[in-house]
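Each of the next two complexes has chain A plus one more chain, namely chain B in the first and chain C in the second.
What follows is the complex of A and B.
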């Protein structure tokens, strides 16, 4: 039971990192990305590879994961952010679809459909962290660090620039803002921090495959942000916790046959999302709808 | 606001033979003009005369078909709008384009910040900036609203926030697109006072305005545009007393 709860805590922390980093570009810069699971996945694969072939210390795996995600995001952001917002959504969707193919076919690196097995547990200052209750300390510290970093950025001139660009790109440029540069930077930061979630996920699960990094995951993370409250600090965390707890909550219902859990989950997601958008478009934590 | 300000009357921006067509429509045709230091130039003309397009062309928001624009003697061809803004050309928009989700204070603060990266700034610099911003907000009557989000402001307050943003910058040239339209008489007096003070402080202004009281009250020079052409460019009395221009402006076109 205890392990079960700590397992949930770890997964919530990992998905909360994804939601918080996606919210950074969605909520503050107005950049909608459907490729967040790509950076999650790349972070996981790179961390797994580094842990297996170089060193399992998180001080090696995390930087490697972050650097690769940052580099890949630059390839997406540089061309896609020079055009209008809708094109970024399309380009990110393209990257997501492409990445799933690469993740399933590049067998030497990702293990193909079978995935990567026997990833060594996270090594923190020489201590192997594999029990869920111990890993929870690592994942929660990582979440706090990511939240702290993003909060500091949002409240700096960089964050004001992002919000200015979200509200009016042309006016921001008229006040001397290099709009494409600022947007590109925000995407790179978001992707690099999302890779932390990937690296933690790989060493925590000790097994990863493409199933965890598909478009479904990107959509799920976006739903966490929207349901919790886009552009708020607590919103993405609340959204991540809620959507991760939902499947477990449903599985507690005794009379429900296990085979129906998935269907019920989809119904609750859909219904919840629709009702929320009608009555609280700003999300659970967000501002109430203007009357 | 005291950069290496050129002497009064020196040309800051020189515009030569500016042309722009949209499809078959000539929005701006062969317009040449000098914007001189300390001089208030007012652009007048009927709706659709090409006044806002003219602003968009000289700031680089729109690509020009032909013609040349120099700023402080440098050709601005290929210069991105944000570069020209950093070089001292400020502008406002007719539809304001405030940062609606941000507070009044953040709107003005953001107008003073250029770099993409957050840079550490000294305490003295921070204090100086705060005092300058407070002064701007007092003059525009927004000091008590500093924590209000831009979107929650009343109409006149929104117009003044648009002015406050440009006042907080160090721009030498202000291109103002109908900044006083729809203001009540009190606000309008406040607006004229602000403009006069800043012009006295060394700012050069080019303003698009329909209200002839404002035009007469503030202009050193009037440029009259119609159908993309510069029909007259001279001292206010001469231009406003021209019966032909009055006929075009008041819509008595045959």
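What follows is the complex of A and C.
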């Protein structure tokens, strides 16, 4: 039972990192990405490869994962600079679809559908962390650091620039703001921090495959942000906790076959998103109307 | 020979893409509602046909059920979701999320009822015949192309020559002006949903009899519809149609060089190239920015 709870804590922390980083571009830069699982996945694969072939220390795996996600995110930043809103959703949806194909076909790196097995546990200052209760310390510290970083950014002049661009790109440009640079940076930061979640996930699960990084994951993370409250600090964390607890709550229903839990979870958060948009567009935490 | 074969398959796929995408483009272009659940309309129509026809009730009841299901779904969604949202605000994002949520729910409800695997309907028309040595075409391919030509021709007539069609085009330009002419923008928008949703039905039925269905096909449909709308140029029905054909052809001809799992990558590459190089699309007048 204890291990079960710590396992949930770890998964909530990992998904909360994803939600917080997605909220950074959705809520503050107005970039609605359906490709967040791409950076989660890339972080996980790179960390797994580094842990297996170079060194399992998180001070090696994390920077490697973050650097590669940052590099790939330029592919997402490019269309974000050209178009906004609805058009960007299409571009990110395409990138997500493409990434899943690459993840399942690039067998030498990702292991294809079979995935990567026997990833060494995280090594923190020479200590191997593999028990869920010990890993919880690592994942929660990582979450706190990510939240702290994002908060600092949002409240800095960079954050103000982002919001200015979100509200009116031309107004921000006319005040001499370097709009393309600020937007690109926000995408790069978001992707690099999302890769932390990927790296943690790989070393925690010790097995990864493409199933964890599909469009469903991107949608789940987006749902966490929206249901919690887009553009708020606590929203994504509340959303992540709620949606990760949902499957456990559903499992209490006796007559439901285990195979339908995932489907029911998706139905609940799908309808939840729709109802929230009709009655409370700001999400659970948000007070104002959504942006 | 292979190239001819692929070109014909590509035209068949492209014709169906064109129909589906034009449905989305019509709704989005005239009402500005980012109807992401258009993919769900496709899924509902396809599975209704699969269910009714598969139970042995025949072709006509199957087509009727699919059409009725698609149109009702579009209308109900407009009435119960989009109208209430647009009453308080109606930013792109709010509408998108609401529509997206419905799409996810529909996909999973269908998955729970019909199973999550691939299914397909077999009809006597699915069997291919050799038209020239080495080139096999099923009657369904001709039906797909004919259906598309007829329906898009009818749509063109409807938009250009009828009163309601003119009102629909006017709605795209200026909803306020429509109101001053004594027309009800809400009712015209509902018409867009009826026509746009009905347009996916032939594509849904033919797809169920050719490449087959699964509940997640809605995402693919949406990627294609969005890509065709953007590549064609927002607000241009003929642009969307051309882009749909182009995407189908490109996807099919790409098989000459790559394996079949990369076909969606081809769609993405075309979309990406257009967004970067020509955001206003093939026939678009205004920039997408």
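The working rule: the second predicted complex is superposed on the first by the 273 of 291 C-alpha atoms of A that agree within 3 Å, B and C clash if a C-alpha of one lies under 4 Å from a C-alpha of the other, contacts with A are read in each partner's own complex, and residues count from 1 in each chain.
The rule we apply is simple: contacts are C-beta pairs under 8 Å (C-beta built on N, C-alpha and C of every residue); 3 or more make two chains touch, one makes a residue touch a chain.
Since this is a predicted model, take the numbers as computed values, not measurements.
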Chain B versus chain C, judged by how many residues of chain A each one touches: C
Touching partner for A:105 - first (chain B), second (chain C), both, neither: second
Partner chain in contact with A:277 - chain B first, chain C second, else both or neither: second
Touching partner for A:120 - first (chain B), second (chain C), both, neither: neither
Touched partner set for A:182, first chain B, second chain C, both or neither: first
Touched partner set for A:157, first chain B, second chain C, both or neither: first
First (chain B), second (chain C), both or neither touched by A:168: first
Partner chain(s) touched by A:97 [first = chain B, second = chain C, both, neither]: second
Of chain A, residues touching chain C in the complex: 32, 78-79, 82-87, 89-91, 93-95, 97-98, 101, 104-105, 215, 219, 223, 226, 230, 260, 263-264, 266-267, 269-274, 276-278, 281, 289-291
For the chain A and chain B complex, residues of the former touching the latter: 153, 156-158, 160-161, 163-164, 166-168, 170-179, 181-182, 185, 231
Residues of chain C touching chain A in the complex: 34, 81, 84-85, 88-89, 91-105, 107-109, 111-112, 116, 219, 222-223, 226-227, 230, 261-262, 264-265, 267-268, 271-272, 275-276, 279, 288-289
Footprint of chain A on chain B - complex, ascending: 59, 61, 80-82, 85-86, 90-91, 93, 97-102, 106, 109-111, 113-119, 165, 169
